[in-house]
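Each of the two complexes below includes subunit A, the first together with subunit B, the second together with subunit C.
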Partner chain A sequence: MTREPGSASFPAGSGYSTSEGPMRRAFSSLTRGVWVWYTFLLPPLLLILVFVGYPTLLAFRQSFYTRTPEGQVFAGTYHFERLLTNSIFWGALGNTILLGLAFLAIVIPLATIFASMLNRVRHGATPLKVIYFLPQLTSSVAIAIMFHYVFQPDWGLLNGGLRSIGLSEVPLWLADPRFNLTGSRAAVTVLAVWAGLGYFIIVTLAGLQSIPADLYDAAAIDGATPLQAWFTITLPSLRPTFIFLIMTGTIDALSRFGDLWTLGGPGGAPARSLQSIVMYMFQTGFESNDFSLSAATAVVFFLIVLGVTIIAFWGFLRKEFKAMK
Partner chain B sequence: MKPLSRRLLFLSTAIVTSLFAGVALQAQDKVPVSVLMIGYPDQDSTDAVTGVVSPGIGHLEEAFEAANPGIDLQIINIPWGEGATGYAPKTEAMIQGNEACLYEMPGAAAFARRGALVDLSKLIEADSSFVNLWGPALTTLRIWGPDNPQGLYFIPNNTGERVIHWDATLFDHYGVEPLSKNPTLDEIAEKAKLLTGTDPVTGEQTYGYYYQGKYAVWQFLSIAHAMGANWGSVGADGKMTIEWNTPTYLKALEWFVDMAKYAPEGALASDGMPQGFLSDDNVVAIIPEGEQGYFIQPLIANPDLQARYRSSFNLRGPDGVGGVSTISPLAMAASCENKDAAWTALKWLAGSADAERYYFESNGRIPTSSAGAEALPQIASFPDGDVVLTQPQFAEAPYPWAAAQPRWAMQTALEGALAGTLTPAQALEQAQAETDAWLAEQQ
Partner chain C sequence: MTETALTAKPATTQRRLPADWRSQATMSVMLVIGAAAMVLPFWWMFATSLSRKANVSMPRTPSFWPADPSFFNYQVATANLPIVQLYANSLLVVGVTTIGYLFFSALAGYAFAKGRFPGKSVLFIIFLATLFIPFETRMIPLYLMMSDLGLTNTYWALILPFLAGGFGTFLMRQTIASIPDELLEAARIDGASEFRIFWQIVLPLCKPTLATLAILNVIWRWNDVLWPLLVTSKRELFTVTQGLALAGRTQGIYTGVALATAVMAILPVIVAYLVLQRYVIRSVVSSGVKG
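Let's look at the complex of A and B:
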């Protein structure tokens, strides 16, 4: 077997060692076995570059151009100026934030309570977990259609129930665009909580089960009641779980589309009360054929999500990462 | 090779050659006319639930060639599709490649402005045998083209339909005179008010009026047109002017908001006909601008329903037409080489009873020509068969912005007005501002 000078597999003191020898050996030991993993990772990376990276770059480019019959014309920041002075955009953004906040404010406390109770269940916890998780596996469109039957003001399940117990003045739900607790926004928040609760419960439950039992034993010895233990041990220990849920929940809430589209149509009916920023982006691009404005919306949306992620990381997770180091 | 085999080989070769020669000669005698059709079944197909057979596009071709033996009709049938694979880019490619003479062409107005279509009014003038089977539609559908500012660049070959539905049983329970065939806004308002309340026979709450909340824009435009409103126009350069914020539209919106009080409270959230429609449980008396797809097949299948669920002509404006148009335009490419044969084919495809029957049986589309009664006797025999079959001829011209921002601007503003979050004046102001912003961006 012929060996090349400088090969990492040359024995020390063979006379072929150079000043590069130790470095090459170090490099070789670092990369040995690694290339095979890069090879496996390459196909999905290529797919992401082709189907996510490239379209993203195109969207960025399109936001600075205008389509004309003569071709693309550079427009600078014109479409961003149009967007930021557009009341429909701000309305959609406000809706998205409001619906997201309402969802998280309800689902996280509910999930914590349900997960804490499930954590105490001795028998039948698994079937219960499956039942709570089932809506998560259902298509958002199917859920929206189902809730349309629930919240339909005239013949829907909910108002039918309210009438059957003697109420004559029933809420209008999906026919009411006002900011109130019985309008369209409230209805879609209930829908989102119903659909997402199972996932939040499962993640919170995992967080609960990672809390060392010793802490509870020590608290019990110190005479803490179960409620005191829950407030002083359980909730603080769930901080990383809550941060994870808030971050992922925020990004999901910002990109909400399928259920709102199914219930509210392209315009987020009634009166744009259900129009999210992604729906606005879709409507602008594919209903009104204003692709530059739609691309500008996508860029702003990207920056918002990026900003939320950075703020969440620096604000909440830095402590956890430092602790890990 | 043995002599017998050789003779057999010679004989079969001769037969095959003469067959091919015959077919080629026959095809040579015929004038080819290619036509792009959209969304018809390629083959016969049977509905798995109802067992109804939808005939494939080949039946249309056969019927045409039987009626027009001198023309070889070559149908190119494509699906509607979406986006890059939709009918629009395919139509554009075919126009640019001169690949067909006739086109079912939803975006015909834009092609006409580019000079890509033949002005059919000139063919009509030159055709002494031409009979107008499409009524006022041939006037309503005239649009601007480079060779004629009032040109006729397409003829509708089939359509969806909007009529005014009314429930004769509810009228009877309340003792209200049946709705007339051509009702006015005043008649609708008066009767809707009388029909809202507790049904004297069933004791159920009933509603005199109804609108489909998510498509309220179409009913509103129909009301406004009946009051004489005009949304605007498309100029010679293709630029649109749209005027929503006018006294007539304001009057129409105030009327609409007032009438919404006689509709079910949840109508604003609806995207279809009311619950119970076409059943014994219906509680809605009058539905202006109601969709046809909901009633034709059930009425054919159940003749008892025909006496209860009646149809009147849509609201008409001072110009004698009214109601949203959902036509399928059939146009002729300017590049067509066999224009005479193509004109014959166009007239047949848009007007003959055979063609109209095919469109209904394959896709449920309603006839646009006066051959409808002959094509579909099962509809002609409805108590209001004449309304159903002739309303398409009286529809308004298609709105060129029907799938663009002005529609959504008006729809959203209407929702605000109907929900009470905007006054009618504020709603029109909002719709105008959003429409103006969109118009300013159009090239």
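Let's look at the complex of A and C:
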């Protein structure tokens, strides 16, 4: 397993250990001084403090202050109250969560099936992988423009295809803001699955290839059918992969912006059906100049992402701890 | 145990052969259908971008080859959008941020992996903490900062915030930590300066990780639209993705022209991907980070 979230984001501590020649190294670092390391760290540290740390603190601070011509005025939790009673905010948050859940609920099973087939097929797995991964490299903006036409009700690729197989009543897709399986939300979910499937397949495939082959041999000796082996060996072994994909997939879904903005503008037309939480932040902060409301949204967004990360780590590490016992 | 395995194995393969052939065929058919679903929209877009009539009326049944192939839409698209300028902007922004990101990540990663100095853990935690701050949380204050500094509508605004980051630093630290200390110690005894060791010994040994980081950064920066929308409003400074997003929202009624614009924006990326696909896929998988 090379893609466990733990290994991607946790300090492993391997660099701290000095097993050999501590005396010599201590001497060498004394003679050379420690300043060289500080000069190495200074430029990147400054960049991070100025462009990451400082604006983050500003976002938190702004959510408790109001910008007035006379300067910043403390506002307490006023902006959070404003935010939490704002139906547009809840609509955007609801959309983001709904679209994210629908996306994950479709893409993970689909990717598992395709990855399992790619893992077992004897010919052509490599070119197929390259093709499935192709949309991942295309910007979400370009994909949105393409799908704007694919979903065009009168002559789009999808409805044209549906008509040619004999359907006369074709959906409106992006023009229909209602909550249904043929409306704008369904359309952008199809788009997201189409665009994201390749990444989910490739990661699942790597997970499949890390399952030891002797597990399957043992199951075959016990007389298990390939399907039984898939359910009793493959799926449980993919648990870390699924947790990883759910975590990264959730964070990506929460940050969704480019494709929805291209299709529906900052308001997420039609009828705000495609407005995501980041688009709401963009609209309140950048277009309405309501920086405090935007900052309060940013704080809520930050807490949600952090919560998802912690839950995923907990879900992942819990099993690691059990395995250690 | 081994005896059962040896006797059982040929039996199962023999028993499964006919069924295996059938399942191989079924899987191949399904995989090819899936691949067709991936390619078809791209192909349809490309075919439509070659049709002049597409701007006026589209065939009700999708056509995968235009009856009137021409480069008319491309001529209109290049007249509407300074595509060469957009490419130059994207290449500049992506190039400078990638070089900076790699350099500073490696520099900090080296200090964290091999340096011995007070405060190392605290500093490393500061770098790591940035991994948990989504860009979206700080984008509006960052935009206001750029605006206060008078940097909006300059290349600086597109470059400065992305020169250093926790992810790159962490990845480089992990790689550099695996370099044997003896190698660096030998160079130190020869009197090489710490920066020379970094430049001539550490960096060449990190080429695979640097390539991974470069590929990821190019994908991130090339495809980003949120930040360019915030800090640049002048056409001369638009990146390809931003220009495409804004053009897509204004020229949407001219299907052929809009799709020709989209093709021009993504074709070079697709060609680069097809050439480098092995490295690109490996980078994304090994780092566990989406492009």
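Everything that follows uses one rule, which is that the second predicted complex is superposed on the first by the 269 of 325 C-alpha atoms of A that agree within 3 Å, B and C clash if a C-alpha of one lies under 4 Å from a C-alpha of the other, contacts with A are read in each partner's own complex, and residues count from 1 in each chain.
Convention: contacts are C-beta pairs under 8 Å (C-beta built on N, C-alpha and C of every residue); 3 or more make two chains touch, one makes a residue touch a chain.
Note that this is a predicted model, so its numbers are computed, not measured.
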{"item": "Which superposed partner A:68 touches (first subunit B, second subunit C, both, neither)", "value": "first"}
{"item": "Which superposed partner A:272 touches (first subunit B, second subunit C, both, neither)", "value": "first"}
{"item": "Which superposed partner A:178 touches (first subunit B, second subunit C, both, neither)", "value": "first"}
{"item": "First, second, both or neither for A:90, with subunit B first and subunit C second", "value": "neither"}
{"item": "Touching partner for A:52 - first (subunit B), second (subunit C), both, neither", "value": "second"}
{"item": "Which superposed partner A:37 touches (first subunit B, second subunit C, both, neither)", "value": "second"}
{"item": "First, second, both or neither for A:287, with subunit B first and subunit C second", "value": "first"}
{"item": "Subunit B or subunit C, by number of subunit A residues touched", "value": "C"}
{"item": "Touching partner for A:154 - first (subunit B), second (subunit C), both, neither", "value": "both"}
{"item": "Subunit B and subunit C contact sites that coincide on subunit A, given as residue numbers", "value": "152, 154-156, 265"}
{"item": "Interfacial residue positions of subunit B with respect to subunit A in the complex", "value": "213-214, 264-271, 275, 403-405, 408, 411-412, 415-416, 418-419, 421-422, 434, 437-438, 441, 443"}
{"item": "Contact set on subunit A toward subunit B in their complex", "value": "68-69, 82, 86, 88, 151-156, 172-178, 184, 265-267, 269-272, 283, 287-290, 293"}
{"item": "Subunit C contact footprint on subunit A (complex, rising order)", "value": "2-5, 7-9, 11-12, 14-15, 18, 20-21, 24-26, 28-29, 32, 34, 36-38, 40-41, 43-45, 47-49, 51-56, 58-59, 62, 114, 117-118, 120-124, 128-142, 144-150, 152, 154-157, 160-161, 163-164, 194, 197-199, 202-203, 206, 217, 220-221, 226, 244, 248, 251-252, 254-255, 257-258, 261-262, 265, 278, 281-282, 285-286, 291, 294-295, 298-299, 301-302, 305-306, 309"}
{"item": "Complex interface listing, subunit C residues touching subunit A", "value": "4-5, 8-9, 12, 23-24, 27-28, 30-32, 34-35, 37-42, 44-45, 48, 58-62, 104-105, 107-108, 110-118, 120, 123-124, 126-128, 130-145, 160-161, 163-166, 169-170, 173-174, 176-178, 181-182, 185, 188, 194-195, 198, 219, 222-223, 225-226, 229-230, 241, 244-245, 248-249, 252, 255, 258-259, 261-262, 265-266, 269-270, 273-274, 277, 280-281, 284-291"}
